[in-house]
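Given below, in the form of structure tokens, are the structures.
Here come two complexes built around chain A, the first alongside chain B, the second alongside chain C.
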Partner chain A sequence: MVQANLDELSAALKTVQKELTSKFGKKLLETSTFRGELTLVVAPEDWIAVLTYCRDSETLGFDRLDCLFGNHYPERADQPFEVVANLTSIPNTTRVRIKTRLADGESLPTATGLWPSAGFDERETWEMFGVVFDGHPNLQRLLLISDFQGFPLRKDFPLEGLVGGRIRTDLKGKL
Partner chain B sequence: MSAPSQDQAPPAATTLRPTLEELRERKARSRQPVHGDREVLTVSMGPHHPSMHGVFRAEVDFDGEVIVATRPEIGNLHRGVEKLAESLTYHQVIPLTDRLHYVASFAQNHGYCEAVEKLIGMEAPPRARFIRTMAHEMTRISNHLLWLGIHIMDFGAITFQQICFREREYMMDMFEMLCGARLTHSYCRIGGVAKDLPDGFAERMYGALDFLPTRISEYERLIDKNRIFLGRAKDVGIFTSEDCAAWRVTGPALRAAGVARDLRKDEPYAAYPEIDFESAVEYEADVYARYRVRMREMRESVKIIRQCLENMPEGPVLAKDAAHVIPEKKDVMRSSAAMIQDFMQVFQGPQVPAGEVYRAVETPHGELGFHVVSDGSPKPQRLHIATPCFFHCQATTPMWEGEMLADVVGIFGSVDVCLGSCDR
Partner chain C sequence: MEEGSAFVGIERPKAPPLPDIDLADALKNPTDADLNRVLEGEGHIPGVIPAQLDRLLNFGASFSFWPLLFGLACCAIEMMSCAGPRWDIARFGMEAMRASPRQADGMIVAGWISLKMAPRVIRLYEQIPDPKWVLVMGSCATSGNIWNTYNVVQGADAIIPVDVYVPGCPPRPEALWQGLELIRDRVKQGKHAYDGLRTIPARVAIGE
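Let's look at the complex of A and B:
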């Protein structure tokens, strides 16, 4: 994994990193930097607490959730799923990335209470990866047909073939 | 009471700007009260409806003519771009990004290439950066012209669309001259652009830059004081800056709410740091303010293109980087080194370090972000595309609530949504 090199961060991001470290300490499981971007990994139970603090802290001021999405690492046996949130502060023009890792079947509390824009993002993450968001107001299929089978962005889902979709055998001979 | 004297100075612009509280109050006043006890009629709008700007469907609950609730439904154009990208090399993804937003396809190419270049840690040569900036602004003009024609058509003026398409056609011809394609350009490359400007391009472009400002003034004369347009656009669809942050509404709709957020200035890329321009900001947060922002942006784009042409440095249009860049076609036919490089890039793909980056650019319709995760192989491990239209479709729920049926089309048009970009 990419190591943290705090020197490559901008001055504004260094303050963000310091403040979050002093506030959450050991709860930040991993801090990494890459190309001047800061990534923090937290446990699923701290997910909402960290996001809430990022949004409500006066100095951080991450007032917008730019995107929230999932990722699948089948080679990690115990925690194959990852949920990533990219936060943006419009007044400070800073960005930070908060990540959490989930076991298969583990669920995550919803962030729709913090940013309503997470609604579509979480629906998409659920339908593509099967990550359940507890407390989401309307966790249904968003981009695919409603009775689609499987979670297509998982790595073990094939790219081609008659999978997932509905095969209408009941219409045979009627069309 | 005496009439105000003529020589009295008009109030300073700052006092005319509504504060957030005033906007909140205006928003509450402009929306109709919703009676919970009355019978609600549910109507399915779209997906095949001329006002829906693509295959967007919304289930709308009406109380009389007032909207109680909206449930947007998207996905009719889903092509699985993110899944497909995982099986293609970084170069092969570029044509897929064209098809995201086919009205502003260069902007999507550009955003993707900026993201991959950030991941690699390389920079395009100066001439390529100026060409990218110029092409991005050409896209902005042609996108806003299409938007303007359709938006005014939403309000019932059919002819206006033809007038806008006259100028848009000129911009598409310029793109055809630049890269051979009118709609899906695939002109950007990792490390530069596909080829240099053709002969005579600058002269034709200057011709367009000379007549565009007068044409924009012509549109403004037709629209700005039109009573029907003013009546249907002023104080309609107010969406304040805090709403924009909560629902991730970006681009002209955010700047129309008084937020000077423009990634071209806030997170500069391409040649924007070397160019003198203003980002258009309006303060009324309604449909009319969004229209004003786009009209001013078109004028700024004309200025930017002129500066790009005047200050364009000489030099290569692709970086000299054998590990990541597909060489120009004319070199492949003449030099053996370039041929080997072309072969390696096409068959093997670029040698990208492991890591992940998020890069957003200011496209004509909002902030488009690409999140690229790399495991060190020539294919992305995961490519997530945060398109502005995805969030704009979601934001129909708070935007339409309490508005009248007749205003729905105008409000939806004013945020500029493309369903290809929304569904990916």
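Let's look at the complex of A and C:
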């Protein structure tokens, strides 16, 4: 569960945590730590604001988006989906993980305006979980064939069998 | 060279003359019976070469089988070590893995084929000039292995004709070597997995 043991953080990460807490206050819904890593949860409407501040603040200086991906927790009935962004600061050598939780069908504004590399990550998150990113320039299938049916990393997607389509139907006209 | 070949010039008993063949007509449209007689060394039809030449060419081709340089997954690591100095398939003339399908004699499908990769595999297969042979390496390419999932082709034979299957996960280089020996046998015999009509399973399945 949520554990926030701020003592285990490094000095640089403590600065990050203080800075973000003083800036956003109650907008940081949760703060947790695990093995010296800092994780913050924000609401979807604050998603872009927090990421922009992380990138542009001189003390934080998170200039790189490591990766961005999704998660599916079907046991959370109201907010089953999660989008996670891992940020890295190359000058400060710090990392932080920013999460947001989404209801089924809720969309999230795109981060491609902040980091162009978010484009592929958001395409993958969309094709695997069905999380729509508003304003994404090219939200298409990335790793799967373009007319694939369904979102395979959702927990209710069947593990085996004829799902999403096989070679016989989905490659029609493409070979 | 076998006795009775048309090329060596070994004397053979003189065949009785063929009585009723109009040579001009036979050249245009030889019957199967005529062709068989020619192949057995009895008689001669202008323009028809007995098939012994194929054996000579296949014999030569079997000592320089050049696979396509094409690795899909972890089996490719074993394929590379097979090409390396320890197992050294250069001893059999197979070390020249061509990076272009137009220079290759065949294909080693080394690894699982994702649904997105399948059209590329088929295209590479089609770009290899005839005659061509396909060796499927490992459980994933043979049957999909444990990945009976949404994005894995369940066996390469669903999309292209396959000559030799090498089981294992991944197969040892010795196993790949034995598979290549079986390919060499097929090269010598002039056998192919595809039939005379050049059917490709995936195209048949989707009705093209």
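The rule is short, and it goes like this: the second predicted complex is superposed on the first by the 165 of 175 C-alpha atoms of A that agree within 3 Å, B and C clash if a C-alpha of one lies under 4 Å from a C-alpha of the other, contacts with A are read in each partner's own complex, and residues count from 1 in each chain.
Following the convention adopted for this analysis, a residue touches a chain if its C-beta (ideal position, glycine included) is under 8 Å from a C-beta of that chain, and two chains touch if they have at least 3 such contacts.
Remember, it's a predicted structure, so these values are computed and weren't measured experimentally.
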Report task. Could you say whether A:L65 touches chain B, chain C, both of them, or neither, answering first, second, both or neither? Result -> first
Query - First, second, both or neither for A:L144, with chain B first and chain C second - result: both
Query raised in the report: If you stack the two complexes on chain A, which partner ends up touching A:P152: first (chain B), second (chain C), both, or neither?
Result: both
**Report entry** Partner with the higher number of touched chain A residues, chain C or chain B
**Finding:** B
Requested in this report: Scan A:F120 for contacts with chain B and chain C and give back first, second, both or neither.
Outcome: first
Query raised in the report: For A:D46, is the partner it touches chain B (first), chain C (second), both, or none of the two (neither)?
Result: neither
Report summary line: Interface residues of chain A shared by chain B and chain C, listed 143-145, 152, 157, 159
Query raised in the report: So in the complex, which bits of chain C are touching chain A?
Result: 115-116, 118-119, 122-123, 148-151, 153-154, 158-159, 202-203, 205-206, 208
Query raised in the report: Which of the residues in chain A end up touching chain B in this complex?
Result: 2, 34-35, 37, 39, 63-67, 69, 71, 84, 86, 90, 93, 95, 97, 115-117, 119-120, 128, 141-145, 152-153, 157, 159
Query - For the chain B and chain A complex, residues of the former touching the latter - result: 74-75, 78, 80, 82-84, 87, 118-119, 121, 245-248, 259, 261, 266-267, 354-358, 360, 367, 369, 371, 373, 381-382, 384, 386, 390-391, 393-395, 398, 423-424
Query - Of all residues in chain A, those that touch chain C in their complex - result: 143-145, 148, 150, 152, 157-161, 163-175
